[in-house]
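Which chain is which? They are A, B, C and D, in the order written, and residues in each are numbered from 1.
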Amino acid sequence: MARFIYERHPMKRLYLRWGGILAVGFLIVILSAQRYYRDVYSLTPDLILSRPPFGTVRILGMVEAGTLVKETPSNQARFSLSGNGQRIPVLYQGNRPDDLRELKTLVVIGQWDGSNRQFLAHEMDLIPNYGFITTAYLIMLPMGLFLFMMEHRVLLLYNKIKESKIYEPEVGSLDEG
Amino acid sequence: MNFFSVIRWLAWKDLISEMRSRETISSMFFFALIVILIFSFSFSMDQQTAKTLMPGIMWVAFVFTGIIGLGKSFLAELQNDCLENLQMNPIPRGAIYLGKLVSNFLFMLIVELILFPLFVIFFNLDVFDKLPLFVLILIAGTLGVSAVGTLFSAMTVQIRAREVMLPILLLPLIVPVMIGAVEATGSVLSGESVTFYRHWIELLVVFDIIFTIVSFWVFEFILDH
Amino acid sequence: MIRMIRKYEDWFGVAGGICIAVGLYLGLAASPPDYYQGEVVRIMYIHVPFASTSMTAYFVMTAASLWYLWKRNPIVDNMAHATAGVGVFFTAGALFTGSIWGKPTWNTWWTWDARLVSFTILLLILIGYLMLRTFIEDKEREARYAAVLAIVGAVDLPIVHFSVEWWRTLHQPLSVSPRGIAIAGAMLFPLILMSAGFYLILTYMVGVRTQMLYLQQLLEAKKGRLLGEVHL
Amino acid sequence: MSALRGIQLNKSYRHYQVLKEVSFDVAPGECYALFGPNGAGKTTLLKILATLQTPSSGRFEVMGLDGIRDRNQVRGILLMIAHGSYLYGELDAVENLRFALGLRGLSPADREIKIALDRVGIGAFADFKIRYFSEGMKKRLSIAKAMLIRPKVLLMDEPYSSLDERGMKIMNQFIRESTQQGAAVLMTSHNRAQSAEVAVKAGVLHQGVLHEIDVKELVAAHELF
């Protein structure tokens, strides 16, 4: 069966192949979207205040000037994180608290402590700029399209060459009379 | 032998024709004049900005007029199928290239030498102690443009849309000439010592040598199958 | 020769596809982010292959042009033509991804850096090359002129690069340094894989496009011969 | 030995095959007249023989030299008189002659040029710019050029077009003289009566195929193709 499609129907073979590539691409998009919501998507301080979330979340904001207090022996730091006009207090306990600087925009990961109205962070992350990366990789789409068009054209030309017949005029030319 | 006499004949023919009709040089000259005027209106310059912008404006005007001259250069050969005649004659193709290069180079240089005093007047420059340097830069830059330009003029004259294709093909390739000539002119104007801009003049000279040789070699494939 | 291309091109396509798929996974998911640039460094895995393949494409085009002028084999000319078409795409891709990478790292979409300028000139020459080819009726002359343009452009590009580099250092000290990233092993592997994949895909695309151009000419010739019997 | 010999020449353009297996032979001192309807490929054949175009397949020999490999020597032997007069509009008649001869390394005396111009009947216009010449005068000037160059092989594309009665006589006289001196002439023509006076061989090119015919048929036949 496969052999039949392979040799007799090059057009079908082309569509099958590109259908497969398209399906794989679609799968990758779904998987990466899932991963994005799990690992990259981040909330802002105003969202935390209006709808307190459960579990581990990521918050994007700026360390407010003059609020950062580091406690060196215990690897702790306190600061308030602002974004979209709101601010929340953060207690950070984790690696490399030295990377914290005032006026730096970053992502902190942790849980919202509703009773103390503060955010308990255990990790921090750089600003996610997946937008740029996604845009850069989007160029694979026109590349695929370009390749598809070329392959399609090659097959069309093969068919045309196979089918082209001897030209037969409707009437004799005037100078043959 | 025959080689140099062919160059001489071709250059002689172009120069005589030009002396009688004054078609190319006058159109180049007035075009350049208009370019300069438009530039000076659109920038509304004071004394200082004029000095910094002047090398760029000057070379843009020169290159644009050069393109006009180059476009006309082989167009004259198309009348009465003269280009075919050149192809059919038992002469080295490189000699045709060099002959045309000589006339193109001279036309451009003549127009530039007429325009240069106008620049000096319009932009209030004092250049008199550095005149030889300016002339050297002019010659080197012009040779670079006309070396590549003669090749592409011969190429584009035999195709459709030749007026468009000549600048499209030529301008990207002469970017080094533009950079080198503008920088060298600017440095000379601002009175720097020669050591600071010697490499630009060297760049121009190297470009001239390389492209005269390369064009000389590939010209055979343009006029001959 | 066209038969050879037809026989082997699929392998290049498949191998390239696999390399790129694995490279994408490693580059986008498995490799660590850069210490300085963060996640943005992942653009490197697509930008660097684009840049190196587009330069290679121009090199191949020049070689094919020289070969054509020497041996006058029409398929070699088709190959040069095909490489130019594919090269435009790869060069534009390199400029596009480079520009996107430039925004988060240098906070600018565009800078008059020597590489960027030479790539732009490369793109302009390639577009001029393709335009030139559409404006000539005679196939043989078209091939000759295009080959000459490719060779002259190849001589010009290094000079453009050096002159712009000098020009840059004169006007601004290099605030934006060339992309010197100390590449760790974990980043090197996906980069190599992606580059290999891009080279394979380039070969495949050139093969397909060469075939396309060849067949177009064949079809025209076939039609023409038949018409010639009847009319003239 | 033949002066001009075509061996199975083929030429196809993008859209159609112009020449099909064209073979012919012209001995020194012979004049071969080629007829055919418009678009039959006469001019293409002449352009191939004049080394302006390459045949798609097949080859041709000029005085025993291969027309494609030794084309530089062949160009020295051939001279083509075609529709385009190969003259420069801004130069006068004498200068044009000097230029054309100079490209072939010849420098005739003023008197020789004067004689040639007088023989073709345009001596009085010797210092007129070509721009003011009519087509017939340009053609006469081409004859004068050919007289001075004395090529061994002459290719003529419709020599009688745009010439008046006297001009045709001059042309035929010139062809007769050339063949007597041992030159081979290949002409395309639509003027059967005039060609019949000088031609010793004739052929009809129809749909790219060459049929040889008897010269007597040129005048006798009601219709050639």
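A few points about this structure:
Convention: a contact is a pair of C-beta atoms (placed from the backbone, for glycine too) under 8 Å apart; a residue touches a chain by one contact, two chains touch by 3 or more.
Predicted model only: the values in this text are computed from it and were never measured.
Shared contacts of subunit A and subunit B, meaning chains that touch the two of them, come down to C.
Centroid distances built from C-alpha atoms place A farthest away from subunit D. Distance from the subunit A centre to the subunit D centre is 72 Å, each centre being the mean of its Cα atoms.
With each centre defined as the average position of its C-alpha atoms, the distance from subunit A to subunit C rounds to 26 Å. Per-chain Cα centroids separate subunit C from subunit D by 49 Å.
For this pair, subunit B with subunit C, the centres built from the Cα atoms lie 32 Å apart.
Residues of subunit B found to touch two or more other chains are 225.
Counting partners per residue, subunit A has no residue that reaches two or more other chains. Touching two or more other chains at once are residues 54 of subunit D.
Within the complex, the subunit C residues that touch subunit A are 17, 21, 24, 28-29, 33, 38-40, 42-43, 46-47, 50, 89, 93, 96-97, 100-101, 103-104, 201, 204-205, 208-209, 211-212, 215-216, 218-219, 222-223, 226-227, 229-231. Considering their complex, residues 2, 5-6, 9, 12-13, 16-18, 20-21, 76, 79-82, 84-91, 224-225 of subunit B touch subunit D. On the side of subunit C, the complex with subunit B involves touching residues 69, 117, 121, 124-125, 128, 131-132, 135-137, 140-141, 144-145, 147-149, 151-153, 155-156, 159-160, 162-164, 166-167, 170. Taken in their complex, subunit A has these residues touching subunit C: 21, 24, 28, 32, 35, 126-130, 132-133, 135-137, 139-140, 142-143, 146-147, 150-151, 153-154, 157-158, 160-161, 164, 166-167, 169, 173. Partner subunit C is touched in their complex by these residues of subunit B: 148, 151, 155, 158-161, 165, 168-169, 172-173, 175-176, 179-180, 183, 199-200, 203, 206-207, 210-211, 214-215, 218, 221-222, 225.
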